[in-house]
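There's a structure below that I have some questions on.
Note that the chains take the letters A, B and C in the order they are written out, and that residue 1 is the start of every chain.
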Amino acid sequence: MRFAFKTSYAQDLGLFRDRVQRNAYIALFLALLVLPRLVPEYLGDLSLVFIYGLCGVSLMVLAGYTGLVSLGHSAFLGIGAYAHVYFAQDLGVPWVVAVALAAAVTAAAGVLVGLPALRMTGVYLTIATLAFALIIQEVFTRWDRVTGGLKGKPVQKAVVFGLPLGHEVGFYFLCLAFLIAGLWLTSNLLRSPTGRAWVAIRDSEVAAQSMGVNLAVYKTMAFAYSAGLMGVAGALFAHKIGFLAPDIFSVLLSIQFLLMVAVGGLGSLHGAVYGAVFVAMLPVVISQARDAVPVWLGQVFAVFGREAGRAVFSLVDRFVKQPGLEPGIFGLILVLFILFEPLGVYGRWRKITLFFSTFPLYKHATFKRQKSYMRSERLR
Amino acid sequence: MTFFEAERLAINFGGIRALDGVSFRVDPGQVFTIIGPNGAGKTTIFNLVSRIYDPSDGRLTFCGEDITRVSPHEIPRRGIARTFQNIELFEHATVLQNVLLGRHAHRRSRFVEELLFLPRVRVLEIEHREAAEKVIDFLDLQRYRDSLIVNLPYGVRKVVEMARALCAEPKLLLLDEPSSGLSVEETEDMAFWIQDIRTLLGITVLMVEHDMSLVSAVSDRVLALNYGRPIALGTAREVQDHPDVIKAYLGG
Amino acid sequence: MDIILQLVLNGLAVGCIYGLVALGFVLIYKATELVNFAQGDLMMLGAFTCYMFIVWHGFGYWTAVALAVASVALFGALLDAAVLRRVLGQPQFAVVMLTIGLGAVFRSFASITWGSEIYTLPTPFSARATMVGGVSVSHEYVSIIVGTVLLCAVLYVFFTHTRIGVAMQAASQNQLAAYYMGIPVKLMFSLIWAISAGVAAIAGVLLAPVSLIDTNLGFIGLKAFAAAVLGGFGSIPGALVGGLTIGLIELYSGAYLPQGFKDVAAYVVLLLVLAVRPQGMFGAVGRKKV
């Protein structure tokens, strides 16, 4: 078992718990630096992991830390993407400035949503953000002078400070840099009074208020910050997909982001990143499984004769090639996580590490949740 | 200068007059207790003082300033902190984080500084931490410092809530039924702490309480309410023996 | 003049569908405080099941409707017993995510079972209309309105005049107290889910002839949110009135406002209601006690 002995208050303010953790992160960083050489064929997917990671961090701030569950983040991503492309291509603003402007525009949109959202609680807010996302999607369709409407808008490769980062390796590092910056800024906020105020609002608005937290200011701030991060992610996302069309930013994308924070583990930045890895890599895994699973099953059932094997193969093959299967798998995974591991991947990870670090003294009850009767949220 | 005064406080909920013409004064350094049967309007007074409710009528004065219309989040900045009857802690945060939030009224760092975690923020955070640690020492919470609230027993949660309020360095501390749900020993500890808060920290206490042993042990002045109206005001002894108070509790 | 009347009729018919889906939300919300984001998808399942019974298995329209409603209702009850009961009392977030996930699974199931083609449901009312005072009254629209009115009457009688209906109301108002009074709360919740799913299926069956059946039919559920919120989310008459209002607003904005407004009118209303009067037309303001 390993203890982190603390000798000063400053130690609690560090980004990492102790030296072991810091070294682990440095090792991870080094691994990410050499990764492009090891798995060049997955670079595109990895960049998407980083962009989704940024989205996850953004939604984690709002849903996981401030307790405001938003289904409108696809709209923020879209606003960021369109704004960035509009500034960079149509107005010819330098790339970095365009990203900053996109973040600012998206943050402003966040404030716009956040202000009426002050009067709403719980699921009403979720529904309102959902309505916002649907309206914005319609705006993307209709405002074709800026967005290109249904015809869509092609996106050029990124050129940062005259450095063309269009190729996959360059873009990989660009996304990685933005993700690390986003994580750093967010963890800075979370270890300062702002982050504490957000958590306070999540757990008890009335107590937060009577301790001096201005609910309006901090909720709007959470919305603005979260939207701003989403704007940056949107700018990168635009380059990643290379072509903007309104139906990319549908509610299904918002649902994927929520899936990310739920599967990763609500209320931790680790969770946001785990969730991003999960959501971005799952389609890759599914598409590989589509080819592999029928063959395996066919081989297994070939034990009962070649005919049986072939029949199972074609049956399974037909089933997995169904176009509607993938969202269903996403949905199923989400359902299973909510039912059996509400703390998400990160929660499971903590349980496993705790099991080994306290072996053989691990208590099953450590993470046991209190069985509760229906706790009314109607009167909040 | 008046330290704290409530004048003719009144509030209606729908058609019900929950408080009607309640006036009292709290002098600095006092422990002032409000008692009364259930539904007498004790907690309502607290909710009026912490500005969760708007009074229909009346005035609240604190340190010579009218606070009847001040926003709720401004109240702790003026020097009033409170606890809640049914415990309103941040359940998925640690004790330390809860207590540190008590320092929110003293936040001096700006958003951008925090975003970049400039050295100034670090210095301020360490100051907050030192203040929080003092309160943790004062209330003997050291061993719970890093536990999540959800994992703590009720009695400890009560103390944590008091710690959070103390961390705001208030001039006036509102305690809403500090002994409810506590065992006899814990209630005795609570009595000592309340006395220490007054004498050692010099904080004035306004308290709602049911447990008469605690009330008599610590209160300087007691106000009895029934159906939203004041029925007796005086020392604990005087109020306890007041015929109207006996009638209110025993019926008749 | 005629066009206005025509719009009223069509708006009322569309509004009835929104109202029925919203009614499903409200029933479940009142009982269990879950907001069922999969309600629209239950409706979609209802429409598909009915289509399957009519076209694939050759049942008559009324038999097929009865079978479809019964099977979706049974499915709703099983869903409650197997899945949703486990998340009672958990934070809203978990529930929202759970029902969103379920909705995705349903859509996927539908597209695998019935394919991703678009179907039309043949009914006795299809493509028939009567001229009344210069207005062409389509029988399909009339069937929607009549169906909704009948359904609401039945539900009203059920909830106010039968023992089991009153027990359900009790269970939704106070779980624990109802339990102590000997009401089988779990069974009641399953029943409410069954009713809600059944109502959704009826909405699907009624909608299918005027819309088309495909796996995205469930997205109408999003507009029904607007209806439910407008009505106050906890109020059964509110859901219906909200649905009718949204239906009318939608059709009128389609007729008189620039293109694009029809599709978002419901959401704009929703946002406005939430921003201005979050408790809706019929809801009461509640406040948490501290």
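Rule of thumb we're sticking to: a contact is a pair of C-beta atoms (placed from the backbone, for glycine too) under 8 Å apart; a residue touches a chain by one contact, two chains touch by 3 or more.
This structure is a prediction, so every number in the text was calculated from the model and none was measured.
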item: Chain occupying the middle, per Cα centroid; value: A
item: Top chain pair, ranked by number of contacting C-beta pairs; value: A-C
item: Centroid spacing, where centroids are CA-atom means, of subunit A and subunit C in whole angstrom; value: 31
item: Subunit B and subunit C, separation of their C-alpha mean positions in angstrom; value: 47
item: Subunit A and subunit B, separation of their C-alpha mean positions in angstrom; value: 40
item: Two or more partner chains touched - positions in subunit A; value: 206
item: Residues of subunit C engaged with two or more neighbouring chains; value: 289-290
item: Multi-partner residues of subunit B (at least 2 other chains); value: 52, 84, 88
item: Parts of subunit A lying in touch with subunit C, wherever the complex brings them together; value: 63, 69, 116, 119-120, 122-124, 126-128, 130-132, 134-135, 138, 141-142, 206, 251, 255, 258-259, 262, 266, 319, 322-335, 338-339, 342, 371-380
item: Partner subunit A, residues of subunit C touching it in the complex; value: 32-33, 35, 83, 86-90, 92-94, 96-98, 100-105, 107-112, 116, 175-176, 215, 222, 225-226, 229, 233-234, 259-260, 263-264, 267-268, 270-271, 274-275, 278, 286-290
item: Contact footprint of subunit A on subunit B as seen in their complex; value: 50, 52, 71-77, 81-82, 84, 88-93, 97, 100-105, 107, 109, 111, 114-117, 121-122, 125-126, 128-130, 133, 150, 164, 168
item: For the subunit A and subunit B complex, residues of the former touching the latter; value: 9-10, 12-13, 185, 188-189, 191-194, 196-197, 199-200, 202-204, 206-215, 221, 267, 370
